[in-house]
Structures are given as structure tokens and as C-alpha cells.
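Both of the next two complexes hold chain A, though its partner changes from chain B to chain C.
Moving on, here comes the complex of A and B:
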């Protein structure tokens, strides 16, 4: 589920489609770079879970102390809550396109279904339902093949570059999209959800190879789907002067080659991928809070066996829905989610890296030279992106120019 | 010093009025017009569902209304063009919608290069 429903979330849908239409294939490398980053941090968090056999937030509290640990927890929880609200709003919108029923009613219905499915279904079935149905997003990759995409240009997009001939304004917008894409790909909730899942499945050092393969293959698959959306947009929307301003426009990428069947597949894929992300964000917040305060936690338990954990994920959904019901534009929520997330990214990934670098906790499984170098490199990148995020947001009016 | 310059630039960007400040809404309206044309074109070709077509058109209208009401120059040529786009019927021919989007694009390019 981490790979599809969670990786291709509403923020990536929106920013991939916009980036492709505005800058062609030039920002593919931002997705590729972010994917390497999320693989590095996911692998690290899975390794910490498998070796230390303790949840990341529990170790964080011991390693950083109560005050700094609490600050990290609060920053991460707020960022993830806004992201969850964006996902719930996204689900409401997609159901609105599918059924024609009112958006807010659809947001309420989505939340009710998510709550019910999380209460009733075992964790494996939640993963299977949202993760596997989210694979309908492959329709975007199929659409890319069927429109005879320029593969040479797409391959060129993987090489980091800034397009030539951009005005200062366009350059600022390009930088804003670069930061936003990195933030959307590196959402911290993914690593917390992933490592907590590892503990629920009782990973040990023998599972480290599985951890590595899952991180690389899973995250890369999600990234390829996001890149498909970007490339379709570059091919179909850019030349037609389409922004796109409405999140539902992304589904046109599949409708154009495959008609109404393609449209339905795309919308359903988007719905389940976004639903998967909503589940991940809520669970991630419940995991983080419960682990930090030492409460009983885990989805392998019945809801009443871990009452405070259960209340935490229910509360997360309810607060996210309340944010949507204020009438805030879902696109604004997406922008805030991405913006707030990049601001707290350094704060959330630094403790994880310190833990993975600590031989006392990790013994022979401590970060090697490659993991350490990549970790610090990406920490530098996300710190620079965090410093640039707010000025770029203001100077470009949220990428509008 | 660099920080002060940055803050000044941000304040200028946030407080500006006139065509420069309206550029983002012109760009938004241009894109919405083009999206509307694409939806109608695909709908005419039988490639979309009724619900999708209707909800997308509603969303386009709603966002055009927001863009139009955010303009600082409501009597400008671009405000009139956005008004003309909004006056089109839901099932307007794609070519007609594209003509509005193209006009807005010309205005946008002209303002950007000025």
C-alpha cells in the first residue's frame, strides 16, 4: 500500500499534472530525485524497526529527549493531519466526479467508509483493498504508451536540468514546483507508516533484504505512475494551454485514448490510491502519538485492545473531515499540505538518520558509508528546499506566477 | 541585507495591484477556458460520462467566478474577455471556448513581456 495508495496521493496527482503542462518533461528528474530520497529514508526506517525492534518515535523520544521529541512529534502530526484533510477532500472530489452528488456529502461518506473499513477489516485486508485497487492507476501508464509518447524526451527528463530560455518569473515557478514535488514525494508519514508496519509484522534482521527490495521496488512503482501523469500532461495538456486547474482534469489523460471506460478506470484508481493515502496518514499519526507516549498500539489488535491508539486514528479522520467541512478549497489544502510538510521534513528525518547512524542501537546494521552519505545529501537537499519554500510560495502565488 | 531584499520582494509581490497582480487570474482563466474546451470536445466524442462532464463544467464555472471576482481591474480588456468566457453556455463549441482561451493567452503574454 505504501507503494501506490500513499505514494501517488492527491498532492502528486495535482503537482505532476501541473508540472507536465507548464514545463514539459523538465521536472521528471524532481520525481526521480525525490524517489531516491524516500527509498533511502524508508529503507533506514525499516532497518531501525527490524534491528532495534522498537518504533521510531519511541526511540526518538529516548534519543532526543522529551522536549525536542515532542516538538518533532507535533510538527509531524500537524503536517500529516493537513495531508490527511487534503486526501479526504480529494476523495470527496473524485466521488463527486463519479456520481455527481455534492462534494461535501461525498467527503463525509468517504470518511465514514474509511472509518468503517478500518474498524471492521483486518490490517492485511485494508492494505489489499486500497493498495490493489489503487493499481488501477496503471491506466495512466497505459495511456502514455497508447498516445505514442516521445520516449527520448521522457528519458531526457530524468537528467537534472533547468529548461533554457525561462524568464525570471518562470524560473521562480520552476523552483516552486521542484520544491513542491520533492515535498510531495518525501512526505514523512510514508516512512512512519512503513516502519510501524514492519514492527507489526515482527520484522527482524533476517527481513532486511525484504526491507530493501520493498523500499526500492514499491517506491519506484509509485514514482513511475506519477511520472506517467506528468508525461501525459506534457503531451496532452501543455500544447492545449490547459493548466490544469481542476484535479479531475488528470482523468482526461486516460479518457482521451481509452474513452469512458478509461475515464472510469482512472477515476477509480485515483479514488483508491487517495483512500490508501488517507488511511496511511491517519494510521501514521496514531502510530506516532501512541509510540511516543508509550501507549498500546497496533492494527493487529482489536480496536478495543488498544483504545488510545484507536481513538487517535478516529480523531485524526474526524479532525481532517472537519477541516474539509469548513469549505476550504481542496487545492488550497493540497498546497498547505505540501508547504507545511517541506518545512518539517528536516525535523522529522534528522532524528531517524541519527538513530540509524547510532551503533549503540543498530550494532552491525548501522548505516554504511552509502546510506550515511545519501542520508546527509538528502538532508541537505530538504533543508535547502524548506528554506526556499515560503519565499517561493509567496513570490509565485503558489506556482501561479 | 539579502534577507531584507527578500522580504521587500515578497511584500511588493503581495501588495501589488493592476495588470501585474491580475496576471495569475488571467492565467488561471485561460487554463480554465482551455480545460472547458477539452471537456466539451471529449464529451462530444462520447468519451466522457454525463456526471463527469457536468461536474467538471460546474467546477470550471465556479473557479472562473472566483478568478473574475479577484481581479483588481474589473473594467480591463481581460476582465471583459473573462466575462465573455463565463457567458458561454455549458455545451459551447470547443473552438469558441478555445478562441477565448487564446485571446487570454495573448493578453497574458503581452503583460508578461511588458
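Moving on, here comes the complex of A and C:
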């Protein structure tokens, strides 16, 4: 579920479609770069969970101390809450497209269904339902094949480059999209969710191969789906000067080659993938708060067995829904979600790197030369992106140029 | 690491999660209590757990805010109850014996016993 439900969330849907329409295939490399980053940090967090038995937020408090840890917790809780609200709003929008019923009523219904399913179903069933039905998103990859996409140009998009002939305004918008895509791919909640899952499933050193395969294959699959959305948009929307501002526009990418069946499959795939991401975000917030304060936590426990954890995830959904019900545009929530998340990323990944580099805790499973180099490289990239995020947002009015 | 070994308080103990003998999370080492006199060897006598222990570790306004939200209770866990310290502090006893898990148990009573079939 981390791969599909968490990776192809509402932010990726929106930014992939917009990036393809505005800059053609030129930002595929941003998804590829972000994917390598999330693979590096997911693998590291899974390894730390398996060997040192520490989830990310325990590390953060121990390594950063109470003051800086509390600041990180607050920033991260706010960014994940906004992300959760964006997912709930996204579900409301998609259900509105599917049924024609009012958007806000659909957001309330989505939250009620998510809460009920999380209360009643064992977590593995939630994971299977949203994760597997989210795989309907493969329809975007099928659409790309059926429209005879220019594979040479798509392959060229994987090579880091800036398109030539851009004006200063367009260049700034390009940089904003680059930062936003990196943020959307590297959302910190994915690592909180993944590492906590590893602890709950009682991973040990024997599970390190599974951890590596899950990180690489799972995250790459999600990335390929996001890249399919971008490439479809570059092929279909860019030349027609269509700006896919809302998630529903992305679904048209599948409707063009496959008609109404394609549209239905794409919308259902989006609905379940976004629902999976909503579950992940609210659980991640509950994990973060519970781990920081040392409460009982666990998604494999019955709700009353980890009472404060249960209250935390319910509260997260209720507050996220309240944000949506204020009438704020869900696309504005998406913008804020990526903006806040990139600011939190360096503080999330630094303690993780420090522990994964510490032989005393990790013994022979300490970061090797490759993991250490890639880890520091991506730490530098996300720190630079975090520093540039707010200036770029203000200079481009949120990517408008 | 065993309780008798020398320990770097900040690097190796402060802010570590605490687990009781049943493997349940039951708090974080929010502060420590030392015993001994000036010029003599200091000994770690207890772990302090709970928001009341944040005083002195947070700016005054942040502590005031925390106290308003979470109260100022402190549980004192005698160091003799510590079994070993690694990436968590593992206790020899159940959480309830040393006054931990009290809030968890209070909140538990408010949650229906059903769910997650």
C-alpha cells in the first residue's frame, strides 16, 4: 500500500498532470530522482526498524532532543494533516465526478467510510482493499501504450535537464515544479508509516532482503504510474494547451483512448489510491505523536488496546474533514501540503541517517559506502529544495509563472 | 548496556522510549534523577516520565502550553527497575508497578471494546 496508495496520492496526480502539460517530458527526471531518494530513505528506515527496532519518531526525539524534536513533531503533524485534508478533499472531488452528488457531502461520506473501515476491518484487509483496488491506476500506463507515446522522448526525459528557450518566469515555474515533485515523491509520512510497519511486523535482520525488494519495487511501481500520468499529459494536453488543474482532468487521459470504461477505471483507481494515501497520512500522524510521547501504538492492535493512538487517528480524520468543510479549494490544500512537507524533510531524514550510520546500534548492518553517499547526497538535495520552496512559491504564485 | 555500567546521560538515555517487561510502550525518559553529593560520584537513582518533567527542558512559554494541554504529572521509575538499555529502556517490571500507563488505562476505559474484528 505504501507503494501505490501512498505514492500515487492526490499531490502526484495533480503535479504530474500539470508538469506534463506545461513542460512536456522535461520533468520526468524529477520523479526519477525523487524515487531514488525515497527508495534510499525507505530502505534505511526499514533496516533501522529491523536491526535497531526503532521507528523514525523515536529516533527523532532521541537524536534531536526534546525542543527540536517537538518543533519537528509540530511541523510534521501540520504538514501531514494538510496532506490528509488534501486526500479527503480529493476523494470528495473524485466521488463527485463519479456520482454527480455535492462535493462536500462526498467528502463527509468518504471520511465516514474511512473511519468505519479502519475501526471494523483488520489492518491487512484495509491494506489489501485500498492497495489492490488502487492498482486500477495501471490504466494510465495502458493508456500511454495505446496512444503510441513517443518512447524516445520519454526516455530522454529521464536525463536531468532544463528545457531550452524558457523565459525567466517559466524557468522559475520549472524550478517550483521540480521542488514540488521532489516534495510529493519524498513525503515524510511514507517513511513514518513504512518504518512503523516494520516494527509492528517484527522485522529482524532476516527480513532485510524483503525490505530492500519492497522499497525498490514498490516505490518504482508507484513512480512509473506517476510518470505515465505525466507522459500522457505531455502527449494529450500540452499540444492542446489544456491545463489539467483538477484531478478529474487527469482521468481524461484514460478516457481518450478507452472511452467511458477507461474513464471509470481511472477514476476508481484514483479514488482507491487516494483513499490509501488518506489512511497512511492519518496513521502516520498517529504514529508520530504516539512514538514521540511513548504511548502504546499499533495498527495491528484492536482500537482499545492502543487507546491514545486510536484517538489520534480519529482526531486526524476529523480535523482534516473540518479543514475541507471550511470550503478551502482542495488544490490549494495540495499546494500547501507539498510546501510544508519539503520544509520538514531535512529534520526527518537527518536523525535517520545518523542512526543508520552508527555502528554501535546497527553493527554489521550499518550504512555501507553507497547508502551513506546516496543518503548525504539526497539530504543535500532536500535541504536545498526546502530552502528554495517558499521563495519559489511566492515568486511564481504557486507555479502560475 | 546494564544498569551498573557508566552511561552518557544525554546521548544514551535521555528521550529513549521505555518498554515494560511485557514489551508494551509505557513512556519516554523525559528526565533523570541523580543522587550523590558535590565532588563525589553521582548515581542515577530514577527515570522521570511525564510532561511535568519537561520543566527546565523547554522554554517557559512552551512548558506552560504543555502543562495546559497535558498536565504536569511525573512518574518516578527507580533505576533498580531497569533491566537493560539499548535503543529502548527495558524494565524488569510491568508498567503499572512503577506508576506508568495510568493515563493510557484511563483513556482505554472510554474506548468501546469492539472493532478490528
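Throughout what follows, the second predicted complex is superposed on the first by the 401 of 401 C-alpha atoms of A that agree within 3 Å, B and C clash if a C-alpha of one lies under 4 Å from a C-alpha of the other, contacts with A are read in each partner's own complex, and residues count from 1 in each chain.
As a working rule, contacts are C-beta pairs under 8 Å (C-beta built on N, C-alpha and C of every residue); 3 or more make two chains touch, one makes a residue touch a chain.
In this text the structure is predicted, and so the values were computed from the model without any measurement.
Room for both chain B and chain C is found when the two structures are superposed via chain A, with no clash between them. Judged by the touch definition given at the top, the superposed model places A:96 against chain B, while chain C stays out of reach.
Contacts of A:176 after superposition on the shared chain: neither chain B nor chain C is touched.
In the superposed model, A:240 lies in contact with chain B only, and not with chain C. By the touch criterion stated above, A:293 is placed in contact with chain C alone, chain B being left untouched. With both structures placed on the common chain, the touch criterion links A:336 to neither chain B nor chain C. In the overlay built on the shared chain, the residue A:317 is in contact with neither chain B nor chain C.
Shared-chain residue A:70: touches chain C; no touch with chain B. Per the superposed model, the minimal spacing between any CA atom of chain B and any CA atom of chain C is 30 Å. Note for the complex: chain A touches chain C at residues 52-54, 58, 61-62, 65-67, 69-70, 119-123, 290-297, 301-305, 307-308, 310-311, 361. Contacts from chain B toward chain A in the complex involve residues 6, 9-10, 13-14, 23-24, 27-28, 30-32, 34-35, 37-39, 42, 46-52, 54-56, 59-60, 63, 101-102, 105, 112.
Interface of chain C with chain A (complex): residues 10, 14-18, 24-28, 30, 49, 54, 57-59, 62, 86-88, 103-104, 107-108, 110-113, 115-117. Those residues of chain A lying in contact with chain B across their complex are 96-100, 167, 169, 237, 240-246, 248-249, 251-252, 255-256, 259-260, 262-264, 267, 391, 394-395, 397, 400-401.
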